[in-house]
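One structure, pasted below without further comment.
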Amino acid sequence: MIEHTDQGPLDRDGMARLVARDIPTGSFVNLGIGQPTRVADFLAPEQQVVLHTENGMLGMGPEAHGDAIDPDLINAGKIPVTELPGASYFHHADSFAMMRGGHLDVCVLGAFQVAANGDLANWHTGAPDAIPAVGGAMDLATGAKDVFVMMTLFAKDGSAKLVKECSYPLTGLGCVSRVYTEQAIFHLTADGVVVAETFGTTLEELAQRLDVPLAGAPQ
Amino acid sequence: MIEHTDQGPLDRDGMARLVARDIPTGSFVNLGIGQPTRVADFLAPEQQVVLHTENGMLGMGPEAHGDAIDPDLINAGKIPVTELPGASYFHHADSFAMMRGGHLDVCVLGAFQVAANGDLANWHTGAPDAIPAVGGAMDLATGAKDVFVMMTLFAKDGSAKLVKECSYPLTGLGCVSRVYTEQAIFHLTADGVVVAETFGTTLEELAQRLDVPLAGAPQ
Amino acid sequence: MVEIATDTDEAVRGIADGSTVLIGGFGRAGLPFALIEAVRRSGARDLTVVNNNAGNGTTGLAALLASGQVRKVICSFPRQKDSFVFDELYRAGKVELEVVPQGNLAERIRAAGAGIGAFYTPTAVGTPLAEGKEVRTIDGRDYLLEYPIRGDVALVRAHAADPMGNLVYRKTGRNFGPIMAGAAKLTVVEVTEVVPLGGLDPETVVTPGIFVDRVVATTPHPQEEDA
Amino acid sequence: MVEIATDTDEAVRGIADGSTVLIGGFGRAGLPFALIEAVRRSGARDLTVVNNNAGNGTTGLAALLASGQVRKVICSFPRQKDSFVFDELYRAGKVELEVVPQGNLAERIRAAGAGIGAFYTPTAVGTPLAEGKEVRTIDGRDYLLEYPIRGDVALVRAHAADPMGNLVYRKTGRNFGPIMAGAAKLTVVEVTEVVPLGGLDPETVVTPGIFVDRVVATTPHPQEEDA
């Protein structure tokens, strides 16, 4: 466990950089819509990571601009993207079979809440007037070998988002293996929540502010 | 009902010719291994029939000879065949999805026995020392919209092959819609077995020799 | 041979009120914009629409919704920045919604075309979308039982067709087209180009013509790109 | 990037005794003849082999059977004119046999790769091959419950691969390759040619490289054509 107390909390790029750093070489990776998309900017070519987009492509390249925009070539966030050499296209049933069948090594998702046991809530606030919309979130959460979550550690109202039990409707059960926040990286393991690194805070401080037991922290 | 008493029973080509005649224009058709393969020789170009082979092809052409033989291009009977313009290739799961999903209009199969209710027995004699081998027979019997059977009406031991109930192990339940034999064409309908045409015999004679009720025949 | 329709109105003729209409496309990629417009013009009502989304802006699927022809939407992601037409109808109780996880949606459509009676999927176990669904434990893992989604009609956009109805797509425009084409009683496809027989390499055909009933050539609709 | 093996022995290294080995091919089309030979040389024993057939003549799968390395065969059609090696072993009780209708076999292999826990199929209902299987009536029709067939290893023959492991096939040689590639923990592919990166059109890739672990270039074995 490393406590980076010589720096403040991570900014968004800092979080994305660390997620990228931790993706094993040669992985097949799906980056969720929004914040996780930024991880692509920090993947090193020598990592040889292949990006999957669930609307039917492996070997997705960076966002397309100007003349490179092709309305038939978009990512899951409906942003125009590009194609890398060695890419392939497939239909939706094949794309989600790839995911459900456990062939994706890592997916990176945002979250409203993650529970200590790996339960994920990221699709619905539970608000009575919200229109439900799930997209591929449940498929990704259930299908990828490793699910990394990127989120702020606390909500705007100050409540922690790493919790004993999710209060929001669930996306998947026990699926999250790592949580990247601005203050710390958490590994969710069979032995409980392990803090891997802290940023601008300490394990002890985190243990005081969170309601979940952190391995190795003072009780 | 037409009684062709001015001629003898059909020969094999005669049966194949009548099956071919009765396949509706524009049909997608699978011809079983062996005798049914011969139907292809009698399909008229204007029928625009597209042949399916379950090992992964639509638009199959005639048997290949000489230099046209390609070891990667075979039919379900493992005979080298050719490719017609407008053909397509697909993998086994897609090929049988096509069949099981009810997209094939007609398949033509051989049979050991067909029951009056459309039950088919064509994969196993039930002999205790026989090595069971089913191939695509059950998939075809269950999947095609119409299953036509081509067979002799009587076995070598003189027993009828169009029966009240199959004694051989079944391939599919209630799946056969027509039976082409050397002596008659039978339509298996909700109202029972209807003789459409006879060859070298009469409805009355058939009714005497078969143990299944024939619509319109004297009791 | 497939029917090559002379225009989109002819291509969509005969869609009955109350039909379930599978509509390809993810966002605007692969969206059969011209066929949707033709269905709108046809006046067919009381439709159940299956699409990944529930319309954007004021054209395409949103226009079909706005004209009151849609009774129910089955999709994975109705809520978008510019899904205001759907949002308003939904909040007013004027359209039903069934939300299905995207992969279960795709697999249910595939199952319809493949003659699968039902299947067990791990996706959505333990979530609100599992409510009312049968759960089964297989090899220690929980799965939900899901049933096929069949269409009376499928509307698909592909890149090119040949006279047999064989189809090829362009890039991520492929998405739901190949599975929807197999899952409907009547499959209508708009393409940029109809090529002559022999004009498609048999190795590269994505949707065999057996799944296609009618093809119509249309230019990609201008609104497809800027709406 | 996929591993490009220098020879077939390297390509099949590490296959443990007792493995389930999915072997592509229908007849000799798409049969990974050189990889089967390498498995035979490896001496791996007690194998369960999944293939459409159960070997022909004295080479390929028949040779693997003859060398006593196969405990069980799962196939749709073992009996052929020249399947005497299998026939003899089977009659002597030296090899187990599970006969599966060809389409159920294909769908069970697909299900393994697609993460489907089980599925209901109409094929084989009411036949001896339905014995012991769960029957369920859905919309008035009876279906059997079938489970996935997973492989420890898949041996596949394709036409060409690129350095990402993307594959294209030739004609009816495609058969079981694409579904077996997804259904095994380790997928080994023999190809006629490894092309440079960018050498395959992304629209025409049949098996994406995500399903492939090792590729080895081999000339189609001469015995493939005349054995």
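Some points to look at:
In this document, chain identifiers A, B, C and D correspond to the written order of the chains, with residue numbering beginning at 1 in each.
Here, a residue touches a chain if its C-beta (ideal position, glycine included) is under 8 Å from a C-beta of that chain, and two chains touch if they have at least 3 such contacts.
Protein identities per chain, from UniProt: A, B = 3-oxoacid CoA-transferase subunit B; C, D = 3-oxoacid CoA-transferase subunit A.
Since we're looking at a predicted model, the values are computed, not measured.
Ranking all chains by how far their C-alpha centres lie from the centre of chain A, first place goes to B. Between the chain pairs B-C and A-C, more C-beta pairs are in contact across A-C.
Here the spacing of chain A and chain B, counted between their Cα centres, is 55 Å.
For this pair, chain B with chain C, the centres built from the Cα atoms lie 35 Å apart. In this assembly, the C-alpha centroid of chain C lies 33 Å from the C-alpha centroid of chain D.
Chain centres here are Cα means. That of chain A falls 29 Å from that of chain C.
Taken residue by residue, chain C touches two or more other chains at 107, 110, 114-116, 121-122, 169-171, 202-203, whereas all remaining positions touch fewer.
The set of chain A residues touching two or more other chains comprises 57, 83, 89-90, 97, 99-100, 143.
Because contacts link the chains in a way that matches no line, ring, star or complete pattern, their graph is best described as other.
By the definition of touch given earlier, these chain pairs are in contact: A-C, A-D, B-C, B-D, C-D.
Of all the residues in chain D, the ones that touch chain A in their complex are 1, 110, 112-116, 162-164, 166, 182, 197-198, 200, 202-203, 205, 208-211.
Those residues of chain A that touch chain D in the complex are listed here as 26, 28, 48, 50, 52, 57-59, 83, 85-90, 97-104, 143. Within the complex formed with chain C, the residues of chain D that make contact are 107, 111, 114-122, 136, 138-139, 141, 143, 147, 168-171, 201-204.
For chain D in complex with chain B, the residues that touch the partner chain are 26-30, 52, 76-80, 87, 90-91, 97, 99-107, 109-110, 121-129, 169-179, 206, 220, 224-225. Remark: chain A residues 53-57, 70-75, 78, 83, 89-93, 95-97, 99-100, 119, 124, 129-139, 142-143, 169-173 touch chain C in the complex.
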